[in-house]
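Labels run A, B, C and D following the written order; every chain starts at residue 1.
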Amino acid sequence: MTAAIELMDVRKNFGLAEIIRGVDLRIERAERHAIIGPNGAGKSTLFNLITGKYGLTGGTIKLHGEDVGGLKPFEISRRGLSRSFQITNIFANMTVFENLRCGLLWSMGYKYSFWTLVDRQSRLTERAEELLEQINLGDRRDTIAGVLTYAEQRALEIGITIAGGADVIMLDEPTAGMSHSETAAMVQLIRKVTEGKTLVMVEHDMGVIFDVADRISVLVYGEIIESDTPEVVRASAKVKEAYLGSSLDEADA
Amino acid sequence: MRKTTSILFAGLIAGVSVFGAAQAQDVKIAFIDPLSGPFAGTGTQGLAEWRYAADQLVNSKGGVLGGGKLEIVPFDNKISAKESLIQLQVAIDQGIRIIAQGNSSGVANALTDAIEKHNKRNPDKHVLFINYSAVDPALTNDKCNFWHFRFDANADIKMDALTDVMMKDASLKKVYIIGQDYSFGKAVAAAAVANISKKMPNTTIVGNELHPIGKVKDFTPYARKIMAAGTDAVITGNWGTDMVGLGKAVIQAGYKGPIYTYYAATTGITKTFGAEGKDVIRLVGEGQLNPPVSKRAADYVSGYKAKHPDFDITQPRIANAVEMLAKGINKAGGTDIVKIATALEGMQHASIWGGNVTMRAKDHQAIQDIHIEVHTNDKITFDFDNSSYGLYVESTIKDAGMNSPTSCKMTRPS
Amino acid sequence: MELVIINLLDGLVMGLLLFMLSSGLTLIFSMMGVLNFAHASFYMLGAYFGYQISQYVGFWPGLIIAPVLVGCGGALIERYGLRRVHKFGHVPELIFTFGLALLIEEVVQFIWGKSQMAYDEPAVLNFALFSIGGNEFPAYKVFMIFIAVGIFLVLLYILTRTRVGLVIQAALSYPDTVQNLGHNVPLVFMGVFGVGTALAGLAGVIAGPSLGTFPGMAFLLGSIVFVTIVVGGLGSLWGALLASLLIGWLLTFAASYNVHMSDVLTAIGFTPPEDMAEHFLRDLWTLTMPQIGPILPYILMVLILIVRPRGLMGKREV
Amino acid sequence: MTAIKSTDRAAAATSGSAVLKRFAPWIIAALFLLFLPVIFASGSALTIMNQMAITIVFALAYNMLLGQGGMLSFGHAVYMGLGGFFCVHLMNMVAAEEWFLPIPLLPLFGGIFGLAFAMVIGFFSTRRAGTVFAMISLGIGELIAACSIIIVVFFGGEEGISGDRTMGPEIFGLDFGSQIEVYYLTAAWLLVSAAAMYFYSRTPIGRLANAVRDNEERAEFLGYSQRYVRLISFCASGFFAGIAGGLFAINFEILTEENLNLVTSGTILLITFLGGVGFFIGPIIGAIFFTLLQTVLSLYTEIWQLYVGALFVLTVMFFPGGMSGLLFMHVRPYQLGKLNILFLPYLKTFLPATAAILGGVGFLEIAFHAKNASVGDQMMTLFWLTFDSHGLIPWLVCVLLAIVGGYLACRMAPLLRDAWDEANSLVAN
């Protein structure tokens, strides 16, 4: 069986600076995988490489066994990979409902159609309404997304990400900046909407990681120094040494 | 310009002419020219001259049709063909049947075309087009029609007159022709080439080129070429800032010979050239201001200057147009446009600026005296731009272009 | 040969004049992300202020006073206009400066009228300094060269040797991080805008007498200045200089040499059509270089944007 | 978007009343256009209404770029102009009987030509949005405008190309010689184009244009190429601009360089922005307002362009939503039933503000008159008052009005702001 995502010797330089220095990583289908690492380790860069935002300097990236290196984000997206952003990235001047509907359009086969009226597509509307309920924003349906609260925007961000029905979901710090209770609600939401899908997430909150992840990869200075189950990672001396061991201890506390 | 009642709304709401019937014997003339935007300077001066001419030459002398007044109604066309056509429609709605326009041959072309179509489609509302300034030869050649009358000499006639004078000067061995890249600039160049090769066998044309209109930032490179060619005389149809830019660049490059021009005076140009342009800038045109031809002419100009100290008589032909139009109206005995037009055809008129004006019947082109004038501050009675510099007549071609050919095949209403 | 030398000099004058405008514009654009559509309008204001001042106290005081006035005006507009629009995004900012350009032109026409102003070179410099092959080179143009070069040196000094220059440099390279520099960023913005517009004003004062002072002067030069900074590349003073000179020479040489399209077409193997007067390509066949000279920079810009969007020496994309 | 939200929910509903509700605005618009000439029957009124209709089509097309797609173009006149030029040539071919084409269909061909040209240009210009797009559009605009003078064969040089619409084959006895026939033709095209553009905005690609405008990066991660989305919007906009050009050709029977140049491109930006880019109806309001301004205000004052410029700058600064934005700001207070709260503060602020504006306008007018009037003609008429523009009193009155009015308006502004906040809050008072 092919892996959901497979990275082989992936490299990325910005000018002379090597940010990603030969990453190998295999994420199985339906696995929940977390990537952790200190600030500046290259987590977001790795995300941007996988999703096509940046071009590769070297190496191969496979999605469901198919080489996606050098493809544009929209091409990768069409192959069943969807992502969220660290900084909220929604359509700020459109309503919540429309945000979700935009997320649905491609997967429901509308493509660049200019001959169908969106309002008259009952299937589309139904799906969008379902999503709306799923992310608990039913009562904010017609609110302009830009005026939502932060937590609501983060939920919408997740909603847009899963709308297309992609089977690989990549979340970039989904709980960043949230309060304790908001984080708990978000974790629950993530569990619910990624049921049966491959999940890759970057996260700082160790509680969330150990709660959600099946496996964890530790990225330090552009290299993966450990990739295993939470228990193994937690026990790894290598990780403790290279990574801020203290934060792992904190998670224990 | 300002009106107390909104003409437009009156027109919109009533849907009929409200003004036409007000005073039957008064005759309104719609003045359609730029009154706002970059060319408003020329337009507002033209309007003032029209009004002054109508008051001085017609209204204060008994008017038309037994006491009626000529009234000039301004319409701002923003020098746009589209706006001109809209304003034409507004004017027609107000019952105005005589249109005066002059600035830009492009607008004149659009108007003459639209008026011909209008007159064909609306035989009950004929409109007359008094073109007092647009000199594109096509207007009285291929594009001529019965409703259009031109009171300025066209570009070909002016060039004919200019070369008549130039041929007498044997020192002009090398002539450089430069102009704006559009119909008028091309017409000037073509006429210059034709006339020089015919009349001046010992003169070579060392340069003949066009530059984009209103887009040249610095004319120095052109001036360099003119100097490098050892030019004895420059001929240009440039106007506005293109004229000033070219003239100043050529003079600063060390050029001392004559620059023969069509439009190098007034609206700031004379003042900008000032001493630099003295005895260099020469202009071919109608209407003699210096020396004044008669007391009548002198009084006319001083009266105007007293009323508008910042303006000049920029377009002397307006006086001819107004006087001849009044004559035509009186001869027609009413405002029937066909009759007025017929009366204007072939009309002879003793101009206030001296000489005779003949409205040639076959193409509706006014034939008049054309002068070659020099930019100077010697012996100037009436300066321009209050700069003490003005134009002094050096030589005159009587009835210039009387026998000039025309390709006009006019169809007259039966 | 003589013509080539004098054209090089003329092109240099034009290029340096463009540089005085584009240097300020590129600083503003790279730091604030706003392409100041009204930049050439400040140049026009400089010329009119210079003219007005010269009517009372002569040319030389105007050389100092007018740019200062323009710079103050620019700073005020940044403070009370642009900053207000800034929060709506870059497109509204661009629209704002576009509206500003319209408004300034109208205001100038309202105050000074529509005719050309008789703004002349100072008498001291109104003579021919030397002549090459019968072509005279006015002293005033040499003066223009000196001023422009002086400005360039001063700018270079400020940017590379002073503290505020380093802040600006940092902001040019990393516009997103400028907020974190711990400086009073709004004040720096206001200052850069003020200095940029003052430079444009100075360009106006010295170009007004030689290129003409009239309401259309901003429009005439404005779009060429945008072309210059796009071609030169963002955030690069050297790029602005290079592009300015390039375009100055391009304009000059295109106007100077009557290359006929018919010669070019014949040279590459086409035969001229016999019915030239009626042929549908007649306009192409009769084309000459001076006819298209002034639009060459636009062609250059479009090509640059397609091929190399960061410009000749730009550090990052537009 | 808020304006048309009511139709969102109509998706599922198919009852008769819902259908009627959806089409009601269009039916009303059609009836309105049908009966307009009954009230305004004069030739000039028809000409001005035609001009408005053409401007509306063009402004709506422009807003497909600016408002819906977030693309600022400084050269959109090119697509309308080229469509128009093409139509005039077609018209002349029809007149010469080289072609058979009913004149009413002409704008369609203008649209197709606009579309074709937009495809060529859009191919490279829509790669990026923002400033790059704006600069390329400016460059292309300058190029085409300059070419129009040089390429005389197609553009006719400075005097342009003219045609005669009455030379086509007669359809149902119509030869379009009279203005009223042209009006109904233009109105029909206006209705069809406006409806088509509205429905376009409700299609997947129309919604995605909004998405790409708001956040091009995000749209890419939803499977859409931002470039294609922009390209399609751009082509659609070029198509409708071309239709406007075809209508222009039929109406004015002449196209000149003016139809292509930057002034026209800038004007359409101004019109669209004044009307408001956020709402479908914005450009329509803008086009009507500006055409009236241009034809009526220019009758009263020579410095109307100064006022337009000032109005535009003030709009960008204070009301970036334009007139329609201002209008729709009141929808929420209206829905909350709190519009009445605003009435008194509005009155208190706007009265002195109006006085201040009148004072300012008066000042400018008097200054202009004093500077430009001929000697001996010192009397001027302003706001139905006739006075001596060289006298001190009118100046004083204006300055006083401006200062006192401005001061009072500023004092009252916080009041208005509070009332506004209250009117928009959900909490009952």
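Going forward, contacts are C-beta pairs under 8 Å (C-beta built on N, C-alpha and C of every residue); 3 or more make two chains touch, one makes a residue touch a chain.
None of the values given here were measured: they were computed from a predicted structure.
Common neighbours of chain A and chain C, listed by label, are D. Annotation: B-D is the more contact-rich of the chain pairs B-D and C-D, by number of C-beta pairs in contact. Chain centroids computed from C-alpha atoms place D closest to the centre of all protein C-alpha atoms shown.
Relative to chain D, the chain whose mean Cα position lies farthest away is A.
The distance from the centre of chain B to the centre of chain C, each centre being the mean of the chain's C-alpha atoms, comes to 36 Å. Work out the mean CA point of chain C and of chain D, and you get 31 Å between them. Computed centre separation for the pair chain A/chain B is 74 angstrom, with centres defined by C-alpha atoms.
Looking at chain C, one finds that residues 109, 291-292, 294-295 touch two or more other chains. Multi-chain contact residues, meaning those touching two or more other chains, occur in chain B at positions 40, 181, 212, 215.
Those residues of chain D in touch with two or more other chains are numbered 146, 150, 303, 305. All chain pairs that count as touching, in label order, are A-D, B-C, B-D, C-D.
Listed in rising order, the residues of chain B touching chain D in the complex are 1-4, 6-9, 11-16, 35-37, 40, 44, 48, 76, 78, 80-83, 85-86, 89-90, 92-93, 105-106, 109-110, 113-114, 117, 121, 136, 181-184, 212-213, 215, 306-311. By the touch rule above, chain B contacts chain C in their complex via residues 38-41, 181, 207, 209-212, 214-218, 220-225, 227-228, 230, 241, 244-245, 248, 252-254, 267-269, 271-272, 274, 385, 387. Against chain A, in their complex, chain D makes its touches with residues 1, 5, 7-8, 10-12, 199-200, 202-208, 210-211, 213-215, 217-226, 228-229, 232, 236. Put simply, chain C touches chain D in their complex at residues 35, 81, 84-85, 88, 90-92, 94-96, 98-100, 102-103, 105-107, 109-110, 223, 226-227, 230, 280-284, 287, 291-292, 294-295, 298-299, 301-302, 305-306, 309, 317-318. Contact residues on chain C toward chain B in their complex (touch as defined above): 2-3, 6-7, 10-11, 13-14, 109, 113-118, 120, 128, 131, 133-136, 138, 210-212, 214-216, 220-221, 224, 251-253, 255-256, 258, 288, 290-295.
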